[in-house]
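One structure follows; several queries about it will come next.
So that you can tell them apart, the chains are marked A, B and C in the order they are listed, and the count of residues begins at 1 in each.
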Amino acid sequence: MIEEIIFAIGFIILAPFIGALIGGIDRKVTARMQGRVGPPVLQPLYDVFKLFEKEKAVVRNEVNFYIFSYLIFVVLTGALFFSGGDILLVIFALTLAHAFLILGAYASVSPYSHVGAERELLQLMAVEPMLILAAAGFYMATGSFAVKDIAFWPEPVVMTIPLIFVGIVYVLTIKLRKSPFDLATTHHAHQELVKGLTTEFAGPTLGMVEIAHLYETVFFLGIVWLFFASMPWVGLIAVIVVYFLEILIDNTTTRVRWQVMLRSAWLVALVAGAINLGVLALL
Amino acid sequence: MSYITKSPWIIHYDGSSCNGCDIEVLACLTPLYDLERFGIVNTGNPKHADVFLITGGINEQSEAVVKNTYEQMPDPKVVVAVGICACTGGVFRECYNIKGGVDKVIPVDVYVPGCAARPESIIDGVVRALGILEEKRTKMVEQGGK
Amino acid sequence: MELLVFLILFPALAALLFCILPNGRLRDTIVILVSAVIIAATLYLFVMFAGAGTVYFDIDGGMISQIMTGLEVVISAGLLYLAAKYRQYIIAALVVVQLGVVLYAESLLHGTAALNNLFIDPFSVIMAMIIGIIGSLICIYSVGYMRDYHAHHDDMPDKRRWFFALLFVFLAAMYGVVFSNNLFWLFFFWEVTTLCSFLLIGYSWDEQARKNAFWALLLNLVGGLGFAFTFVWAGMTDPSGGLIMMDSLLAAGPVVAMIPAALIGFAGLTKAAQMPFSSWLVGAMIAPTPVSALLHSSTMVKAGVYAIVRFAPIYEASMVGLIISLVGGVTFLLASGIAISQSNAKKVLAYSTIANLGLVVACAGIGSYAAVWAAILLIIFHAIAKSLLFLSVGTVEHKIGSRDIEDMTGLLGRLPKIAVMMMIGIAGMFLAPFGMLISKWAALLAFLDAQYGFILVLLLAFGSAVTVFFWTKWLGKLVEVAWKPERLESKISTQEYAALAPLTVLMVAVCIGFPLLSTYLVVPYVFGIYGMAATLGQANTIIMVMMVFMVLVMPLTLFYFRKERKVMPHYVGGRPSTSDMHFNGSIGVQRPVALGNYYLTNYFGEERLSHIGNGVCIAFIALIGVALLMGVGI
């Protein structure tokens, strides 16, 4: 019980910094791939601090409430996960968080944020089946939904649910807002919808969104690590390899239409789920 | 020491430019000059931006848009007029449709003349703008901006 | 036992009164009084029987069964007349055949004066509370709503006497369904609900209403026919009438009871509007909103799944059960998909109802203790949330003159209180930490532990994702508040608030109090049958409650964020725009910005998905028939 609280608090305090470091390394590697020097590794932190130094301006007051709720629930999601809680509940809490983000964009009542919100909803719908199937996969592999039990499972879970792992890596691209699935909003200067989802968020509001993104990054990499939890160092290497792969894909692909994103994500989830879960069930 | 100078995000707008200065601005973002190493990101959204890089003169069509874009940027913010057309109207100053430089509509903090302004000048202008941004930020805090 | 009889007879007698009383204050007041009495009696029922386990009541069945048969003949005659008048030949045939089958079955059975005709157990208590509390609240709501309805439709004949009478006859019949242990009696009450549904759908009796009412009648009669064949089977298997009692039938086990379980399951599928029988429920949306709320989301269709859940122990680990699960699961996925493409709010709610009932059916078909636990929780949460939603949509429709979601833009500004209640209802349907979420979680757990359950896991995963889409889309519409919205809330009747507010509170209370609900009602029932019970782990329950508090406490932060901040205009490509989103386009023309939701009709179109669903489910049901005939159902 005490350890769980310590892990949760540890996540809450450290995750933004770890997330910022990961983001910074991401930008550095991306820059090198493009033959540039790139920003300092702590740049995401500077970005966040700068945003809080800006004027508190909003399009509507309620937007801050929705975004704040988004942040709180993302933090809750991660804290639940890292303290060993129930992974299904974690996934549903994440859905709740994203629902708040989408509501914040809707409440801004502007053309770009509206379309961004619709696209974010499509992204959510695209990713959700795979996440639920991953939870189901974890359960079938270890007999428990509790992250604590999965983390202490003697064998690496990825051996039992390899296809689920591939599926998770596929939807990770969508969740981390990397090309080719950066439809709703993106960190780069792709200006198809201006900034899409986050168009009408300024200053501290945007700062909260950025912080939430940092927490989310750590959370998702945590899920990737969970597949290898019984061999922690291999897990770390897996996380690094997967993230590098994401950066590579980000830099070498272009954005696709939402139909392609939805269809492909669902197809991957269906194949991964049906085959992997089916084999586990029938054996 | 504020963080605003460590992470200045720019919005680049073309008033009525011939695109010569715009290409030079974009050149600054290419690997050769790489503005991103200063944490500069070209966001196309005024609400996210701190530095307004504007090229070209002001005419009837663009006046309202420039004003609107400027107003949508949250404080503190600076404006950098890139190219002689943005500074004073340039070669087209006497034309019937050009009102003049950008300072006819919005307050400009840094003037970067040139036709087209070279990337080195632009970067120099942006760096000076960052200094002004820092001052504005300090003033904002003193006036109880937080 | 008197209490049970009271609950069945009192609404029926009140209905007779309403047939006579003219429209007016007196009748309205009596409706409210009667509803209040029913709520009180139901709460008393809960207090008396909540911890009592399963109790059987001896009531002399002979004469009552004869009265019922007599009434059935009368009702059949009435339906035949209507069917003949409107050239509904299939319905006429069904009515005749059904009556014939019932009478034939009765001739086979000799000892039908058995005792133990009525009973009560925790599941009945739960259903009774849904009927009594939610049903009565809807009746109270109807008073205000129907007044407005006839004010809006002054060309329509005012048949409110029959309306209220039918509502209470229906409540009486529902009580009969959940208190009957004698399957003949259950069937009688079942068919009375079909009759009420038919008459209420056809309330306005214009061409479309007639058409939809007859279609609903037809499909429900098909189900009823299946139910009726159960009696023939019972008569042929055990002429002493022992197997007419539900408890003996369930006790006899799958080897004996699979055929009646399949037949009654089939009847349940039609009443719960599962594919391929979903179209009647969608058509029933033409009825006034209280009808949709009472019959077609929270109560009558629940009778369908009630029957299927009752037979869950028989379905457990059987081929027939698995196929029934698949029908439910496929319905869940495809009905949710269709809901994405609908912008008519009532149709969205209808398809969502069909989908959720599909999930309940899927759980019941799996039949394990965990699945039944999940199924009952789903029933409870869905009943509350859906009735709340239908009632809010009804009120909104009268205020804004439309039931299209696209017209509900910014409702949070125009009708704040109603919009908040609607949002709580929507959240209750899919968001953590509300109840439906808990139920879906429990369902997932149950599927994973079943033998072929992974197919259902797939259906649940995709269906769940789809529901997130259309609900959040609707929520988004509600919060898109324009700059200075016009307030419309002035003249909403007290009765409507009197129903909406308690339902909202109930929604939240049930989510916060769900551990209690589970421990004192659901678990005893499940334990009583299976000897085992499921719960969410201790830690999870704590977290759930915590989350609910966060969702309730956090809106208080709204006050913090209301503090003065600079308000900026929207970004419309740099074009100056007004606060109500008119911008200066090119050539100086001012244009409005119109924002609409995605409906993805190419992918989730009603016709396409219905065809797929109907085809697949017809195949499944045929498979059940084949399996039974070949004797491999067990």
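Convention: a residue touches a chain if its C-beta (ideal position, glycine included) is under 8 Å from a C-beta of that chain, and two chains touch if they have at least 3 such contacts.
The structure displayed is predicted, hence computed values, not measured ones.
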Task: Set of chains whose contacts include both chain B and chain A - done: C
Open item on the list: Please identify the chain with the largest separation between its CA centroid and the CA centroid of chain C.
Closed with: B
Task: Chain pair with the most C-beta contacts - done: A-C
Open item on the list: Nearest whole angstrom, what separates the Cα centre of chain A from the Cα centre of chain B?
Closed with: 34
Open item on the list: Based only on mean CA positions, could you tell me how far chain B sits from chain C in angstrom?
Closed with: 60
Open item on the list: Suppose each chain is reduced to the average of its Cα coordinates; what separation in Å results between chain A and chain C?
Closed with: 36
Open item on the list: At least two partner chains per residue is the criterion; list those residues in chain C.
Closed with: 566, 568-569, 571
Task: Residues of chain A whose C-beta touches two or more other chains - done: 55, 57, 194, 199-200, 202
- [ ] Identify all positions of chain B at which a residue touches two or more other chains, and write them in rising order.
- [x] 45, 47, 74
Task: Contact footprint of chain A on chain B as seen in their complex - done: 2-4, 6-8, 31, 34, 36-39, 41-45, 47-48, 50, 74-76, 137, 140, 145
Task: chain A to chain C touching residues, read off their complex - done: 55-62, 64-66, 68-69, 72-73, 76, 80, 85-86, 88-89, 92-93, 95-96, 99, 102-103, 106-112, 114, 117-118, 121-122, 124-130, 132-133, 135-136, 139-140, 145-146, 194, 199-200, 202, 259, 266, 269-270, 273-274, 277-278, 280-281
Open item on the list: Taking the touch rule as given, give the residues of chain A at its contact with chain B in the complex, in rising order.
Closed with: 27, 31, 34-40, 43, 46-47, 49-50, 53-55, 57, 189, 191, 194-195, 198-203, 206
Task: chain B-touching residues of chain C, taken from the complex the two chains share - done: 566, 568-569, 571, 574-576, 584
Task: Sites on chain B touched by chain C in the complex - done: 13, 45-47, 64-69, 71-72, 74
